[in-house]
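The next block holds one structure in the form of structure tokens; read it before the comments.
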Amino acid sequence: MNSGDTAWVLISSALVLLMTPGLAFFYGGMVRRKNVLSVLMQCFIIMCVLSIQWVLIGYSLSFHPGNGFWGGLKWMGLNGVGLEPYADYAGTIPHQAFMAFQMMFAIITPALIIGAFAERMKFSAFLIFTLLWATFVYDPLCHWVWGMGGWLRNLGALDFAGGTVVHINAGIAALVTAIVLGKRANLDKNIPTPHNMPFVVLGTGLLWFGWFGFNAGSALAANGLAVNAFVVTNTAAAAAGLSWALIEWMRNGKPTIFGVCSGAVAGLVAITPAAGYVNVVSALIIGFLVSMICFIAVTVIKPLFGYDDSLDAFGVHCVGGMWGALATGLFASKLVNPAGSDGLFFGNPKQFLVQLAAVLVTVAYTSVVTFIIYKLVDVFVGVRVDEKTEAMGLDLTQHRERAYTVLE
Amino acid sequence: MINQADTLFVLLSAAFVMLMTPGLAFFYGGMVRRKNILSVLMQCFVALCLLSLQWILFGYSLSFAPGSGFWGGLSWFGLNGVGTAPYAGYSATIPHEAFMVFQMMFAVITPALIIGAFAERMKFSAFLVFTLLWATFVYDPLCHWVWGEGGWLRNLGVMDFAGGIVVHTSAGVAALVTTIVIGKRKNLEHTPSPHNLPFVVLGTALLWFGWYGFNAGSALAVNGIAVNAFVVTNTAAAAAGLSWALLEWIRNGKPTVFGIVTGSIAGLATVTPASGFVSPISAIIIGIAASIVCFIAVAVTKPRFGYDDSLDAFGVHGVGGILGTLLTGVLASKVINPAGANGLFYGNPKQLLIQLIGVAVAAGYTFLATFAIYKLVDIFFRMRVSEKDELVGLDLTQHRERAYTILE
Amino acid sequence: MKLVIAIIQPYKLEEVKEELYKAEINLLTVSEVLGHGRQKGVTEVYRGARETGNLLRKIRLEIAVNDNFLEPTIKAIVKGAKTGETGDGKIFVLDLKECIRIRTEERGSPAIG
Amino acid sequence: MKLVIAIIQPYKLEEVKEELYKVDVNLITVSEVLGHGRQKGVTEVYRGSKETGNLLRKVRLEIAVNDNFLEPTIKAIVKGAKTGETGDGKIFVLDLKECIRIRTEEQGSQAIG
């Protein structure tokens, strides 16, 4: 056991936890004033619900070395998950520290989906949907990619900090729910604008800060690999934020803060799977290109198909995550991480195909199961709020409270 | 030999200092009028993106490569040769890249501090060019002189623990220059009151939090000096916040929250150069001195000379940084840090003279170089927005977006 | 000329706007106000303390119209805002003595449209 | 007595205020409103989707004046707010039946100033 490594993983867990409130402000600033509390509420309740789900069954389903497809229930209620290190995941820190670190990932992933169905989902339905989704989509996928014996892991798919497990996964679920839930009312007449842009910026700042724990913490030790992940994370975010602003400048005439924030988050998403395998120059390229790709997804593809992904959970997280996962297959280098493998540009085209396979499997599994869960919840509780409720806003109708006062 | 605890501490400190830039964005953003808040947030975020890239491409090399006494040269261009092996010239127990990324966050926040001087009236394109040039031709050389291997002020014996000269004096003097040459804001019979004081308080809280990384992290190791820096940082901030509130109470009849946060920031800026060399009792003296001197600068000197330092970047950071650097020459003690030197009170008046030379050289160089860069950019881009754009507000005219909605 | 002032439910604004556009009334001013109504409204509960404020959030519309447009305007507002429940709001009509378009300094009814 | 309601561009508020002070009109009430105008306004672009909201931000002034102050008030507002572009705004004039100063309970024109 190493005290430096343990401290690093615990602090990283705290940093990743802070990302969920960060996400709450990032999303909350974007919705209309009458719905901001519903978004904050969804993010916060996820912190509560999934923390409990994780210690009861989630961690066991995800990380217990069961078979290739699920972890089983042997570690239910953290039975057998103690303070001794578990060498297959991390040999120098207590097993529970690893568990806590992974918990924060399990929390933020379903929270990402909120962006797709914001402003129109019933709160009770949201709770059930989230719990089922975490159990039947996140946990299995997490096992496949990161769990001992997981079949995608055995295939050799590289995912340093969660490109497939977190971002593609949440992003595809977002697309599915946005499509089946349908558009918000009156959307063709006026597109709602972010009601509090400074909140979006605050959320971005907290996300960027927390992402250091997300990526550099995934090294699970305070070593050179963590330093590399830290540096490439910052670099990709900076490159993507800047290039999104430049694209806007050229296309719309003005660079916006909303653009810089969107770009920075896209860059952070894209570098996530690659953070432990690529060098700084590759991070620059990954960052610069992800803005272009996500910008097209958000401004061209979304209007073309007409789905209402309210806050671009699909357009930023899934598209950015896919680019990151594939880019890992292009730019990975054993010089950075001897435990990884080389990518296409370093003479190993097979890695690119493995990455592609992992992406396709995730897309297929997540879309099918998310659809089933959605329909199931819809039958029993009804997912969407009625028209009047939507017009009045979810804050007042779902939670009977309001974000701001008028006069005093 | 790499030490895990030191590595984790420096990485974590880098993350803390990164968070200071969004913190500063809110500190400044809350102070401007509602129509300009996004322009301030945008400038801070773009500085974060732009300078992260400048730093890895050539900024770090110019600042820290062991070149001549006056600049670092380009031998570490593109992080060539900056890897995960430690570089003993700066820190022998952490990967060289960790030191690089820690310093990067300083290079990001310094130009962002200047924003306070020209807020609400600078064109965005001009801002970008100005910031890039300023970082390259003012920050990087100055950083090399004071902190770089072979830097001539370093060899002279100038003590600047965490950036009193490099960060606060340079940004503050640059703020004074730009605020004078860009001129006053329009219609300024009375200073506009902050449009969102809770944002100012939020920003201060994030800055205070991040400053632990700034000062304690500058020890570059988990040791007694880091602990001392942590304690004196907190002490000076507290003493300065309290004494500013008392000054207001005496002079204006009521203590204000705006006053207490301004005082805290002044205390933090002032203790920065001293934090590795002085005792907690000295920190109280530093904090009180910071409040008195900065209060005079902001409340007496500024109105008398009539320059429009919109958010008191010079009055707080410049004055605080200069004062702190000089007080280091008075209060430093070898008992706290054997690697430092004694100050005037500990029987070494020479140190005060050295500090004075350091500050004078930095202020003089910054003054001239900033003026030259400003004039150059002004010729090509025109720094100031048109009168109508200023009245309409920068959010709408520079970025075509708005911070808040009214009804929805 | 008349000045119509209407106090309506916030969530009905979109519908009222639409009805007004249909009746070719395009110029309106909207603001958010607190209004005292007869209805109880949705009770908000903060940290257990029940808030039964009787000042409720409303939307206030101001529309300047020529006399022949008055009835269509009233009809449009009623059509868009009426639910039949208490709290639907009120419409007030005032005489408008003069109207000036600032850009051209035109006065009277041509300045209204 | 008359009640003058003016809808103007937000960034013109300072100039209008100044012009009003020059003609000794000191009592004004200002609020922020959304107004539908003919002009397009500045188009905001959010993540690439253009927002051409037809409700634009305006400032609304309410000024109660005695009849002899009416024309100077209108002139002052026009002078301060006019640019000649669409979107400059409108001025409405209403009859004011009564005016009461709450502090003294004075009524009528001496209560206005």
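Read from first to last, the chains carry the letters A, B, C and D; within each, the first residue is number 1.
One rule holds in what follows: a contact is a pair of C-beta atoms (placed from the backbone, for glycine too) under 8 Å apart; a residue touches a chain by one contact, two chains touch by 3 or more.
These figures come from a predicted structure and were not determined experimentally.
Chain centre most remote from that of chain C: B (centre = mean of CA atoms). Ranking A-C and A-B by contacting C-beta pairs places A-B first. Separation between the centroids of chain B and chain D, computed from CA atoms only, is 44 Å. Chain A and chain B, compared by their mean Cα positions, are separated by 33 Å. Centre to centre, using the average C-alpha position, chain C and chain D are separated by 18 Å. Counting partner chains per residue, chain D shows two or more touched chains at residues 32-34, 44-46, 55.
For chain B, residues touching at least two other chains, in rising order: 400-402, 406-407. Touching two or more other chains at once are residues 193-194, 252, 254, 256, 258 of chain A.
The touching residues of chain A, counted against chain B in their complex, run 2-5, 7-8, 11, 15, 32-34, 192-198, 201-202, 204-206, 208-209, 212-213, 216, 221-228, 230-231, 234-235, 237-239, 241-242, 245, 252-258, 260-261, 264, 280-281, 284. Across the complex, chain C meets chain B through its residues 10, 13, 30, 32, 59. Residues of chain C touching chain D in their complex: 3, 26-31, 62, 64, 94-103, 105, 111. Chain contact summary for the complex, chain A toward chain C: residues 186, 189, 388, 391-393, 396-397, 400-402, 406-407. Those residues of chain B that touch chain C in the shared complex are 406-407.
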